[in-house]
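Data block below; observations after.
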Amino acid sequence: MGAEGAEKAKEIGMKETVIRAEDLDLTFQTKDGPVHALKGVSLEIGKGEFVSFIGPSGCGKTTFLRCVAALEQPTGGRLSVNGMTPEEARKSRAYGYVFQAAGLYPWRTIAGNIKLPLEIMGFSRAEQDERVRKVLQLVDLEGFGGKYPWQLSGGMQQRASIARALAFDAEILLMDEPFGALDEIVRDHLNEQLLALWARTGKTIGFVTHSIPEAVYLSTKIVVMSPRPGRISDVIESPLPAERPLEIRDSPEFIEVAQRVREGLRAGHSYDD
Amino acid sequence: MGAEGAEKAKEIGMKETVIRAEDLDLTFQTKDGPVHALKGVSLEIGKGEFVSFIGPSGCGKTTFLRCVAALEQPTGGRLSVNGMTPEEARKSRAYGYVFQAAGLYPWRTIAGNIKLPLEIMGFSRAEQDERVRKVLQLVDLEGFGGKYPWQLSGGMQQRASIARALAFDAEILLMDEPFGALDEIVRDHLNEQLLALWARTGKTIGFVTHSIPEAVYLSTKIVVMSPRPGRISDVIESPLPAERPLEIRDSPEFIEVAQRVREGLRAGHSYDD
Amino acid sequence: MRRAVPIVTVLLLIAAVWYLGAWRMNAPWALAQAERAGQEMTASELFTATMNQDRPRLPAPHQVAEELWKTTGEMALRGRALNKRSLIYHAGITLGATLSGFALGVTLGILGAVAITYSRVVEMSLMPWAIVSQTIPIVALAPMIIVLSNATGIEGRGVPKAIISAYLCYFPVLVGMVKGLNSPSSSQLDLLKTYNASNTASFFKLRLPASMPYLFTSLKIAIAAALVGTIVGELPTGAVSGLGARILIGDQFGTPLAIWAALFAAAILAGALVTLIGGVQGVVLKRMGMGR
Amino acid sequence: ADEVTLQLKWVTQAQFAGYYVAADKGFYEEEGLDVTIKPGGPDIAPEQVIAGGGADVIVTWMAAGLAARERGVPLVNIAQPFKKGAMQLTCLKENGIESPADFPGHTLGVWFFGNEYPFYAWMAKLGVPTDGGESGVEVLKQAFNVDALLQKQADCISVMTYNEYGQVLDAGITEDQLVTFNYLEEGVGMMEDGLYVLEENLADEAFKDKMVRFVRASMKGWKYAEENPEEAAQIVVDNDETGAQTLEHQTYMMSEVAKLTADTNGALDPADYEQTVATLLSAVSPENPAITKEPEGMAWTHEITDAALQ
Amino acid sequence: MTVVAGALAFWLAAWGLNVLLARSRWRRARVVRIAVPVIFGLAVLVLWQGLVRGLGVNPVILPAPTDIAATFATSTDTLWQDFVQTALKGALSGYLIGCGAAFVTALAIDRSAFLTAGLLPIGNFVAALPIIGVAPILVSWFGFDWQSKAAVVVAMVFFPVLVNVVQGLREADAMQKDLMRTYAASSWQTLFKLRLPAAMPFVFNGLKIATTLALIGAIVAEYFGSPVRGMGFRISTGVGRLAIDLVWAEIAVAALVGTVFYGIVAMIEKLVTFWHPSQRVG
């Protein structure tokens, strides 16, 4: 794309592209033969977008996110992140990744867990403490830095793991069903907080979920996927405004988008697997 | 109550009471001091009702269900099931209990799992086989009796575990977040099936869930609970008709009930646990 | 096949190191002998002299293989597999004691685990002592066990050996089974409670099947421990037959080759037993639907 | 037939040829006895076995027998087939030992398990301390083999003329490279393999009679073995359950053992007993607690041999 | 006979007391957790004493606990000397060398998937072998003093520890490793910050198994030659001298030392793996 492309993008009101996938394929070789986890996936994600991936189990949501984070190697197609290969982007520490389970190290305190990437990236002690303090505040966990993960509830752990991903200010936040294990109320609350955080920081976010309301509530763009082989069956640009109180979920626009997502899903779903 | 009471109940259009809790208390003694899991819980559940319990984590939903099933001993108040103590009701095998995880025994086939309660209760071989056949049909799993649990998808496992609870024709079905681990699409599907089954069998069902739409969609009565100490904060009789297609969830009545549940929940929720 | 390549490589590496060691360790004796005889030795003469000694400090692998073959395969071919000079015969003796010790130990372990699972007094009283029991050097008890079993009228050395081997192998079974019998989740146990199931039913329908994977894991450890126990029982007690006795006699008569051959026979026996249990585990767990 | 259990002091070898020959040739049977021979081993104390009722009669050394007596197991010597002592200390000349005067500063291998008494008696007699240092000797608990000498971990080791000494020679060391000291000849010897029973059993006439027949047959076995060493060795090899003994070595052993049994009919010479007791008492020390006082009561008897060998 | 009956009665009474304690309100208290097994042990000793005395068992066959205690008290010098020789010089040094070597080897082969694939099955196999049989060989290689005992201990503990450490290093789950990759962490950073801590429960499992092996290995090795001190020396020669009470005193020392050793390792484990669910009860 280069400078010229960026110019053009701005002109026509598009944001700068951060992640660009073209005709991406990924086939796992397994004992029972090849599994086509991704087939011909093309997608562009602009800077500052909040993109949700939704689809039945096994449709390749996780795999796509992992390809972006260079945790998996596509077997075909092109994938670039900020104009680099995903591998280079990973080395330049462009990603914060949040897994489904909080995945905190049980032998480290919450603060210790948040420090982990900072230690690895060689931040100074003072800087580490400062950042820990800041992100703990961001996710509403002041005062819990000295606790161990197992002393916290699931929701708090999940917030800590988000704080960990935020601590080193990666440009791109990839979240794989981060709230899957939480109850709806806690989930609502974290959704609100995540939106606020996104608004404040302007990060680019890739977000995998199974929940239709969650996807609709959070995203600027919803990617509906279907399995066998994993491919994109619909991409929905959200018409919802940037400002989203929780009540927006009872608005007709919301319900309409949700309905569209649900149909897209229903189409690709098989009940007996 | 006696015959007279039952008469009266019929007269005024009320159903016969199956479960009656009066001012129920349950306090766990833990190392960190007493935990008031239930405090002054009073509730009546009529024959054939479908009652959902919803509330934030730790509000005592599971504990209440366990008290009903005589798996936990209340420390105060009265609790009767069909006019007996829960203990007696348990001994008379009045309950089918479905846990959050399917909890099938991996060393038994699906049919073997369903037979488990039948063996324990001393049904004859022929009777066992007959019942297994019937309930497998009921939950749409014909032909899967010989498979092992891990050869089935999560949704199918959950249906099998419901079949297991149905097999011995308990009057009361207690379900503790049976669909918590499933994705939304599968969940919708199972919700539909569960409703159909309930309609067909007329069982009394106690159902714990975290999902507001699920609670509203399924129940004739929604019990909203709040924690510390665990108590009932709202009991909502559903105005929805008995016949409920999935689309009912976009109807205004549905949304209204959901909104009321959500408010009840919000009130009792604390975000930091 | 793919998995075999690294294993074979490592084995070859070990053999190479072994040959090197044999050469280094046997050289002094060869040199001293030459000196006593007043001869000079070339390097190649020295090397051959280190590879074929009667009393090597470290026999070369081919020597051990040869001795092993002479005392097993060759005798078997001549129809003398059960002759007392055959290691097959002695392995059989050791195997017999190992199996009876194993049976005794496994029975004790399982019964103990059941008692511990169902009785809190037993758990609190016994569990710490089970650990302490493993720190007692059973070798020290071996002679007393022999005398005591003599005194109580038990004849023969098989019984004391089996007792020692049971002593060593009950522990892993006990620990594994306590874990296994307690592995059902509380919701699995509660499920049975809602059926108003008896203790017996919950044992046979839930706890026991749930403990099977644990049982087999500990059985593999236990059979190895039982073999160690038998050999340890044979070593200091003057057993007259069995692989341990061969090691002992080899030590007394200065025939290291006999020791090494017996050691390898023991290793092969251990490997075979563990593999066998692994096989049974595979079959049983598969038939139970847990064999994925 | 009357049953008799004999507990040996060591593994099956020509050291016990007489008993195996007697069993094999039917001498016991002729006496109406059904004899079970239990081999011993490095951890078997025959005195303990007989105290526990595991044997009727045992083969043991007199020092051990007297020690057991003092510790409450009243053993009685009923016969003494071995007249001479076979235990020796053998040293490699190249390590600088020519005579007992050279011991200080060297390491000596000693057998324990009740076999150490003569060694300590000798050192006491020589005035050599046994706790190491310049003027003393370093003592090793030698395994029951000759590795310590061959691998130069000890300068001298304990050997039996009929066994380990031969092993040293077999290993390629010649007799002239060795210096050997025989305990008996050094004046600290003790009676080796004798037959012992529990004193209380001797009160029983039937038992006594059994022992008379047993000793008679056993001595017949010994004399037969002396005269037919090769056949005796073969019998021993046949009876060895370990299958590890070689005929060659057992033949050597038999020929050496024959020298020990040659000059006796099996009756204990009281002078030998006196010498053993004297030696033991000459060197009472914490390391060497065999006996601390004259044995009390009947430590030996001629009753059996008198009846058996009239 | 009355003695036997008395002992039996005591045993029953002690058991009854334990039943009461185990059912009591205080059953979770530390004191009770300790008292119950102690009472049980005492009851066993009393029963032993009663049977030996009551049945008039010859002390040459089985001494009474009081005799053993008396011998213990009068031979503390000997016991101490033997403890130093066998437990400290032989077992402990062998344990440290063996575990250390296993740890270093595990880290070394961990770098190569090929070596791990080759060594792990072999290690698993060797860990199941009756290594104790090499004792006579190692004694003839390393001489009579503690070095050969340490060598036997090294041989015995090496493979169990190796297998556990290698296994432990594979314990970090895929997600945790992926997390490190998203940080572009170096392999050393991954090792020290993730895989070693995650391996600790396994490492300690190996170390605990090794404690019970160490003392037994050192003692057995002394059967095949030793200086004139050491627990194995005393045990292996004591029977021949009919000093059975001293043998039992040594056995008691061995059990005590072994238990304390195990206890120390278990305590360190508690400190290091405080985060592991198995350590978090309550």
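Which chain is which? They are A, B, C, D and E, in the order written, and residues in each are numbered from 1.
FYI, a contact is a pair of C-beta atoms (placed from the backbone, for glycine too) under 8 Å apart; a residue touches a chain by one contact, two chains touch by 3 or more.
Note that the structure is a prediction, hence the values are computed from the model and not measured.
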item	value
Contacts common to chain B and chain E (chain labels)	A, C
If a chain touches chain A and chain E alike, it appears here	none
Highest-count interface - the chain pair sharing the most C-beta contacts	C-E
Centroid distance [mean C-alpha coordinates] between chain E and chain D, Å	38
Intercentroid distance (Cα basis), chain D paired with chain B, Å	84
Rounded Å distance, chain B centre to chain C centre (Cα mean)	53
Distance between the centres, which are taken as Cα means, of chain E and chain C, whole angstrom	18
Set of chain B residues in contact with two or more other chains	none
In chain E, residues with contacts to at least two other chains	61, 136, 140, 223-224, 236, 239, 244
Multi-partner residues of chain C (at least 2 other chains)	57, 143, 147-148, 151, 236, 248, 250-251
Each pair of chains that touches, named by its two labels	A-B, A-E, B-C, C-D, C-E, D-E
List of chain D residues in touch with chain C within their complex	11-12, 39-45, 48-49, 52-54, 143-147, 150-151, 167, 171-173, 177, 240-245, 249
Interfacial residue positions of chain D with respect to chain E in the complex	42-43, 45, 47-48, 51-52, 64, 67-68, 71-73, 110, 112-116, 138-143, 147-148, 151, 153-154, 287, 289
Of all residues in chain C, those that touch chain D in their complex	29, 33, 36, 55, 57, 83-86, 89-90, 142-143, 146-148, 150-151, 236-241, 245-246, 248-255, 258
Contact set on chain B toward chain A in their complex	56-57, 153, 155-156, 183-186, 189, 210-212, 250, 255, 259, 265-266, 269, 271-273
Chain C residues touching chain B - in the complex, by the definition given at the top	185, 187-188, 190-197, 201, 205-206, 209-210, 212, 288-290, 292
